[in-house]
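One structure is given below, represented as structure tokens, and several questions about it will come after.
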Amino acid sequence: MSFKLAGIDQLATSHPSFLQKWSSRGKVVGTAVLLLGIVAATNWRQIVVFLNLLVAIVLTAKLPVWLFSLALYPAIFSLPFALSKLSVSVAEAATVVGKATTAALLLALLVASTPYPQIFGALSRVLPPVLTDALFLAYRLFFLVVGSLERLLLSLRQRGAFGKGNFCWSFRVTLHAIGYLIANTLRLSQRLEQNYRLRGYGVRIYWGAEPYVWRMLDLAMLLVLICLVGGVLCFA
Amino acid sequence: MSHIHLPDGVLPANLWLLSYLAAWLWLRSALRQSEKEAVQRKLPFVAAMSALMLLTMSIPLGPLPFHLNLTVLTGIVVGPWLGFVAVVIVNIILSLLGHGGLTTIGINSLIAGLEVVVGWWLYHRLLHSWRRSWRTLLATGLALLLSISLSLGIVGSSTGMLDLAGHELHLGQDPIAEEQPAATLNVSTTADMGGEQGVIAVKAELLGLTGIGALAGILLAGLGLESLATLGIISYLQKVNPDLLQDEGPDIESGGQR
Amino acid sequence: MPEPLVDIRGLSHIYQDRTEVRVEGLPFVVMPGQKVALVGATGTGKTTLLQHIMGLLRPTRGQVRVCGSDPARSFAQIRWQIGAVMQNPDEQIIGPTVFDDIAFSLRARSLPAAEVNARVQAVAADLGIADLLNKVPHHLSGGQKQKVVLAGAVVGRPRLLVLDEPFSGLDTRSKQEMIRLICRLNGELDLAVILSTHDLELVPDIADWVYVLQQGQLVLAGPPATVLTQTTELRAAGLEPPALVQLGQELVRLGIIPEVPLNLSMGKRLLAAAETAR
Amino acid sequence: MPEPLVDIRGLSHIYQDRTEVRVEGLPFVVMPGQKVALVGATGTGKTTLLQHIMGLLRPTRGQVRVCGSDPARSFAQIRWQIGAVMQNPDEQIIGPTVFDDIAFSLRARSLPAAEVNARVQAVAADLGIADLLNKVPHHLSGGQKQKVVLAGAVVGRPRLLVLDEPFSGLDTRSKQEMIRLICRLNGELDLAVILSTHDLELVPDIADWVYVLQQGQLVLAGPPATVLTQTTELRAAGLEPPALVQLGQELVRLGIIPEVPLNLSMGKRLLAAAETAR
């Protein structure tokens, strides 16, 4: 998980592609348009069009293939729903899995091409400021806690924590580790907040230097997307 | 335990829109309420609990395919209002990473939020005078039971899966007339859980373990595990950092470097 | 005489868990442009004192003045006067790229993008991290991260730089580089520096004034040459005098060199002078 | 000649994110009861090497032998032969009390409670932390925490103690105390010690053999007196030779003392001898 998050950060900030030419606001709104299309799709043909579009974008932007693995979880999680639709038709079941996978790939594409402060910045236009701030802190904390957990687990493994084949013992050790993580993370969150406050956080987190104006490129991209989504939904 | 990794596109639009609206109203009142509780001071803890909930979802508990949610614990540590804020944050980040859809943030938050509030209320209010161990077990168990039943009803019925009872849906054994209601329940739970539990339920079915017994077993195992885990974590924190478990939540100036 | 930048007297802070941390004894005074080291064994209250200076804590008793006002009350004004570097750089980095991170406090003050850009470029060039600006901080080494934090702390042109154990975890090279950078910033920007450390070896290189904290009491104050040679008092405060100073004292006692060297270059210079004198 | 406890040749490890860490050049060999310091600038692969020794990583290429077997394959057996102390004590202590934490690895081996109790009491008394046994680790100082970790590492009576930057964050007093304890354990229990550090000042006190790691190559090996005086080679490896050694070399050059002192007590002894000789 941490490896993927760090990898996503790296892609979002420094992977050169045509996606970086669009403003983050354009990308967020564009994602919303496509997502609506995916959710509103009624058959598997429409889903296939959206999926192909996204795969084409990932490939032409030369994004790494592991990005697809992010869409794998929802595919698995949608299986029970698909199974229940099997009785109706195979196509219905495929649509369920397809919808989940395509939507997840769309979001993966967004986070891999837009730095997280800008995504949170776009969200902050609709979300209450307290929520955006906490979201941001949580995201940073997650990285730190994952690192701390990885080191803790190594140390525990070395000390014989999980090799005993004894479920009760492993369970207890896991609980202690989680308890330890909670106590430590709460303390860490205080330090983090203090450090951020010293640097100007608390007035209002500044979310990037983008101007308010919509550029022609973004508008054109949006227009194409809206036409495409409308076309696909009407056509199929 | 009852967290739904519900992907996009399986819920009917009216349901997710409605749950978005409800979650939004709840969030507004949560923020207004917590404004009075010095939200700036407690914000780090909200973020910390969110990060921890995200993290524990990737720690398997021994050989079992369950993960902890920490929703009730979050309620106990940061209180009912800010606990809901933490739950919303978790669902937003999860949806960005593909664990659960963007359209399902509303319903996912409502159900997990319910666990936070009920857990907090049982632990800090109703059972306040009880022994810590019983209070933890009951608060966690009851909160989860309530949220599971509720999500069962809402999601199961609204996705139309309850109607499938009449169809031949059994993957394992032949359905006989008396087993129909159990099968119905099983399917709807599968739908409701969506995530690991759902997969397990389906696996159980494939193994021929249909019926209320298998389902109850799976649900109770998960429920019991989260309750026991919450108890274990709370006893640990009680020993190590008792101030974290006070009613008002941890204070900003305790702990840390001197 | 100019007004002191920091003036703290009879400080006491009671934490929520009822533990009390005191910084009493001598007054803690820092003048503009001064470089002050606060030394003491771990757990003596160094961090508490620094947090009061930064306005993060409110004293239970005693007086804290920074730039003429109470930093906890006028935190919003004082904040821009103070840059801070803490022990763990990971806990201080906010931005997704090095540029964003350094720019954070400027953007929080709503400076125009062109000025933000110019200032960040300038400070990064100054600290030798211009080539890192587009990198993701996660992948940098500890020493590089600490430089990024330092850049983020001074980019807002504060009057005071507060550093809490900034060298722990760094290797000797990175430590020396950080020290060189801090001293240069001090000279160029007339920046006062307050630094807490338990590592006395580095104190002569970075500080022109030293305070020694012993169990809640400021017991010694003075220039490094005076304080670091008081080996008995330092040992009483739980601190080990630098090995170089101790060996130097032996050399002085034997009449080989005339005064105690505080760092290696001074030691070599004294020995070279002694050689030519013979 | 006895069989070496650790024998590593031509190691290379490729991490999940594709970065490769190598430890090639000289073979890394540790004999039973030996005290070995592994020095190198940060990011040269010290931690990677130690994690291979502990069996926590599997080499992509090269040979790793510990106690005659491959530690990653026979992790379950090797684990009890090795005690480990990492950099940050906070990331190793999870027991709710000091006692629980020290007892951890004994309980993991399902030893009877009476024996666990006896062994923990004995090791705590030995390391001078018997009075801390009922305390909550969170409230201890950094030095005390590191002693708790050390106790937890040696309570299982391992043949090898691995320490990864165990002194960073400790003050000089605590460092010296840790060194004293480690040396005593080495003598009493015939425990081999492998310690990684970027702080050369402490190496002469704790090690009888030093390996220098420079960009994936073990370039120097030998006793501290030999390695630490090769200042050019050390600088090439990104390490700063101890100030005392550098000053000592000047003193030798001037004919004041006959050999380079490696630590303060040796320096004082040499000077005293020089004084009486005059």
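Chains here go by letter, A, B, C and D, matching the order in which they are written, and residues are numbered from 1 within each.
The rule we apply is simple: a contact is a pair of C-beta atoms (placed from the backbone, for glycine too) under 8 Å apart; a residue touches a chain by one contact, two chains touch by 3 or more.
Computed from a predicted model, the values in this text were never measured in an experiment.
S.K.: Averaging the CA atoms per chain, pick out the one whose centre lands closest to the mean of every protein CA shown.
M.R.: A
S.K.: In terms of CA centroid distance, which chain is the most far removed from chain D?
M.R.: Following the centroid criterion, the farthest chain would be B.
S.K.: Distance between chain B and chain C based on Cα centroids, please, to the nearest Å.
M.R.: One centre to the other, that is 47 Å.
S.K.: Per the centroid of Cα atoms for each chain, what is the distance between chain B and chain D, given in Å?
M.R.: So the centre of chain B lies 46 Å away from the centre of chain D.
S.K.: Just the number, please: Cα centre separation of chain C and chain D in whole Å.
M.R.: A distance of 30 Å separates the two centres.
S.K.: Take the average of all CA coordinates in chain A, do the same for chain C, and state the distance between these two points in whole angstrom.
M.R.: 40
S.K.: Give the residues of chain A that touch two or more other chains, as numbers and ranges in rising order.
M.R.: Only 6, 176, 179-180, 183, 188, 191-192 qualify.
S.K.: By residue number and range, which residues of chain D touch two or more other chains?
M.R.: 96, 138
S.K.: Which residues of chain B are in contact with two or more other chains?
M.R.: As it turns out, chain B has residues touching two or more other chains at 236, 240-241, 252, 255, 257.
S.K.: Could you list, by residue number, the parts of chain C that touch chain A in their complex?
M.R.: Going by the criterion above, the answer is residues 51, 54, 56, 76, 79-80, 82, 84, 86, 90-92, 94-97, 100, 104-105, 107-110, 113, 116, 134-136, 138-139, 152-153.
S.K.: Of all residues in chain D, which touch chain B in the complex?
M.R.: 96-97, 136-138
S.K.: If you look only at chain C, which of its residues touch chain D in the complex?
M.R.: 41-43, 141-143, 168-174, 176, 198-201, 238-240, 243-244, 246-247, 250-251, 254, 256, 261, 263-264, 267-268, 271, 274-275
S.K.: Help me check something: in the complex, which residues belonging to chain A touch chain B?
M.R.: Residue list for chain A touching chain B: 1, 4, 35, 38-41, 70-74, 76-81, 83-84, 87, 95-96, 99-100, 103-104, 107-108, 110-111, 119, 123, 128, 130-131, 133-139, 141-142, 145-146, 149, 167, 170-172, 174-176, 178-183, 185-193, 202.
S.K.: Which chain A residues qualify as touching chain D in the complex?
M.R.: For chain A paired with chain D, touching residues are 3, 6-7, 148, 151-152, 154-161, 163-164, 166, 169, 173, 176-177, 179-180, 183-184.
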